[in-house]
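Next come two complexes built around chain A: one with chain B, the other with chain C.
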Partner chain A sequence: MDTSKKGQQKYAEMVKKASPNSPVFGDCIKAFVSGGIICTIGQLLLDFYIGMELSEKNAAAWVSITLVGLSALLTALGIYEKLGKFCGAGTIVPITGFANSVVSPAIEFKKEGMVFGMAAKMFVVAGPVIVYGTLTSMLVGFVYYFVK
Partner chain B sequence: MLIKAFVVGGLICVIGQLLIDKTKMMSARILVLYVCIGCILGGLGIYQKLEEFAGAGATVPLTGFGFRLAEGVKQEIDKIGFLGIFMGGIKAASAGITAAVFFAFLAALFAEPKEK
Partner chain C sequence: MKRIGKQTVRLSEGVTILSAASTVGPKEAEGPLGKYFDQKTEDSFFGEKSWELAESKFVEKNMRLAVQKANLKSEDIDYILCGDLLNQCTGSTFGIKNLDIPFFGLFGACSTMGESMSLGAMLIDGGFANHVLTGASSHFCAAEKQFRFPLPLGTQRPPTSTWTVTGDGAVVLARKGDGPKIVEITTGKIVDMGVADVNNMGAAMAPAAAALLKAHFEDTGRTPQDYDAIATGDLGTIGRELVVELLGKEGYLLDNRYTDCGIEIFDAEKQDTHAGGSGCACSAVTFCAYFYPKLLSGKIEKMLFIPTGALMSTTSSQQGQSIPGIAHGLVIEGCRKGAEEC
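Coming up: the complex of A and B.
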């Protein structure tokens, strides 16, 4: 136990030494620009759908559907993963990243079967997001119901 | 509005990047955290202001997904009362979830996993 802990510490030090001085700043710039571009595309889509005389709520839903579809296409072509390596959180945090987390395991695990592979693994990341999202929304609902 | 969407959306991603770099947080945990934070800020009525200000810059990041859950739950409670607590959240998120499932299924039918 003790030796493995020491080993881990040593490894952490080695990693620290090997890493460049401040990758954080560069990472943040990349995340800012790529995340910003994805949101700008979202805004362009939103303006487009509102221009088609959809209600704001329905237009927002169409934006989500379009972005999820685009992300699925890029994921299937293997492009989203390459973008992700460069952009970091800029491609994880937007809804396209959520879509990628659903589509990517669906493709990867289909060889393990359409039920326990494709369908089950689809929710490896999205599952926890939906679980905690739902629970939090219920909490918000309870408070809203009794406070309003 | 485009510039506001770019800047606000970009900044929300930068916070995620800082979490990854500084705390070695896994991306799945960040997505969970973002949804919960968005939902709570939506519940408090704070996220609405960010949406008015930045449009898609606020709604495209996953905090916007949480915000939609909170909005949905509130509207459903206004409409049908207590039952809304159980129905509002997922209903509001249904387009995103269904689209993700549909496109993932399509992608899995047509795309092959990459060789590693």
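Coming up: the complex of A and C.
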């Protein structure tokens, strides 16, 4: 087997030819529609809570609470993983995906104990989102402060 | 000297595979080989509290069954050789700790069945043992938890990904007795062609399988057409295609007598397993349930069995290292059709 750089490049071309690509177009459509549906549910919830005479700020918080709660419930019931398989980014990007990413390791690592298992591993997936989300918002804040 | 080439040895008398046992999870039981497996569970937890303990239970139940099928008792076994994918091979060790048999733990990633059968046969041929129990296991859920994401996470799998087989396959090797015989062993070298995509293991391992096949044919002077069946471990559809292409360039034609256990074990379309099955158990249970009976009945007279492995860890791949592949080859001769003894 020719493991030189050239041999590896040749093999990489063979692999590329033999490996089917993900159906990106279909996945985008599914993500667009399913993500849209989740956002529409969010909007309906917002209207509902405002109708309950909550302030817009409080109603928005309640929308998040409801969606996160629902997502956690669906994750625990094993339904969210099936949705995620079909919807892809449509169920990952909204706040429901964030909830799923926290609850799923919590369930999976509970066997290793409540402290070093569930609590410690709870943010293995969501951790980077929090870290880089915070960092990005700081950067944007700086730029906004000086550019305004 | 039993060595017949750079990588191949010929055993002086041939080591008998006295029995083969397979225990699998529900998805494997629903697959095309479902009817061939000895024991099937309806629940991936197998009545245990964790995926890891479940894997160990697959190991224990199946190892005991292999011994029982050989009409032996555990005290008749001189060594156990086995391994799995979990960190520090706990799937195996927790499974066999109560069997009270001298143990060598092995890690060859998904090639472990080939490694354990090779070393077991060498132990017997070397005169160090009469009976050796060898096997390998994996568990889809435990492997996902260790190598990918927690199961309840809603993610999509790329079309090149494979599905880890849940189960354990084990054989009892013996100095004497009736049954198919391991006659030659070709030990693989590590081959790294720079594939770093953990979702395309078939492509990462295919060069190692192709290199092993080439070495085997050069050492023995044979061609693929000298075998009734050639089966690699868990390359899946993409890996198989690459092996055929790589070997073609070397002048060897692999026709439809060459298959991959990862292709046989699942119905990729119906069971949504994408490129096929993988994991230590893939080649182990497919050999024990599907190929062994064919060797026993004489349907297959000579086979080349090549479990394949990807020698990576989560740490190595997160550090950007490519995936080194390995393959272990065994020539197994089946019983002759109609022969009273085998």
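A few points about this structure:
We take it that the second predicted complex is superposed on the first by the 117 of 148 C-alpha atoms of A that agree within 3 Å, B and C clash if a C-alpha of one lies under 4 Å from a C-alpha of the other, contacts with A are read in each partner's own complex, and residues count from 1 in each chain.
Operating definition for what follows: a contact is a pair of C-beta atoms (placed from the backbone, for glycine too) under 8 Å apart; a residue touches a chain by one contact, two chains touch by 3 or more.
Quantities reported herein were computed from a predicted structural model and do not represent experimental measurements.
With both structures placed on the common chain, the touch criterion links A:Gln8 to chain C but leaves chain B unconnected.
Look at A:Ile107: by the touch rule set out above, it reaches both chain B and chain C.
Judged by the touch definition given at the top, the superposed model places A:Thr75 against both chain B and chain C. When the two complexes are overlaid on their common chain A, residue A:Gly97 makes contact with chain B and with chain C alike. In the superposed model, A:Leu46 makes contact with chain B only, not with chain C.
Within the superposed three-chain model, A:Gly35 lies in touch with chain B and out of touch with chain C [touch as defined at top]. When the two structures are aligned on the shared chain, A:Ala120 is found in touch with neither chain B nor chain C. Of the two partner chains, chain B is the only one touched by A:Tyr132; chain C is not. Between chain B and chain C, the partner in contact with more residues of chain A is B. In the superposition on chain A, A:Lys85 contacts chain C only, with no contact to chain B. In the superposition on the C-alpha atoms of chain A, the part of chain A touched by chain B in one complex and by chain C in the other spans residues 23, 27, 75-76, 78, 81, 88, 92, 97, 101, 103, 107-108, 111, 124-125.
Within the complex formed with chain A, the residues of chain C that make contact are 49-50, 52, 145, 149-160, 191-195, 200, 203, 207, 210-211, 238, 241-242, 245-246. Residue ranges on chain B touching chain A, taken from their complex, read 1-2, 5-14, 16-22, 27-28, 30-32, 34-36, 39-40, 42-43, 54-57, 59-62, 64-66, 68-70, 72-74, 76-77, 81-82, 84-86, 88-90, 93, 95-97, 99-101, 103-108, 110-114.
Residue ranges on chain A touching chain B, taken from their complex, read 23-24, 27-28, 30-40, 42-47, 60-61, 63-65, 67-69, 71-73, 75-78, 81, 88-90, 92-99, 101-103, 106-108, 110-111, 118, 122, 124-126, 128-130, 132-134, 136-145, 148. For chain A in complex with chain C, the touching residues are 1, 3, 7-8, 11-12, 14-15, 18-23, 27, 75-76, 78, 80-85, 87-88, 91-92, 97, 100-101, 103-105, 107-109, 111, 124-125.
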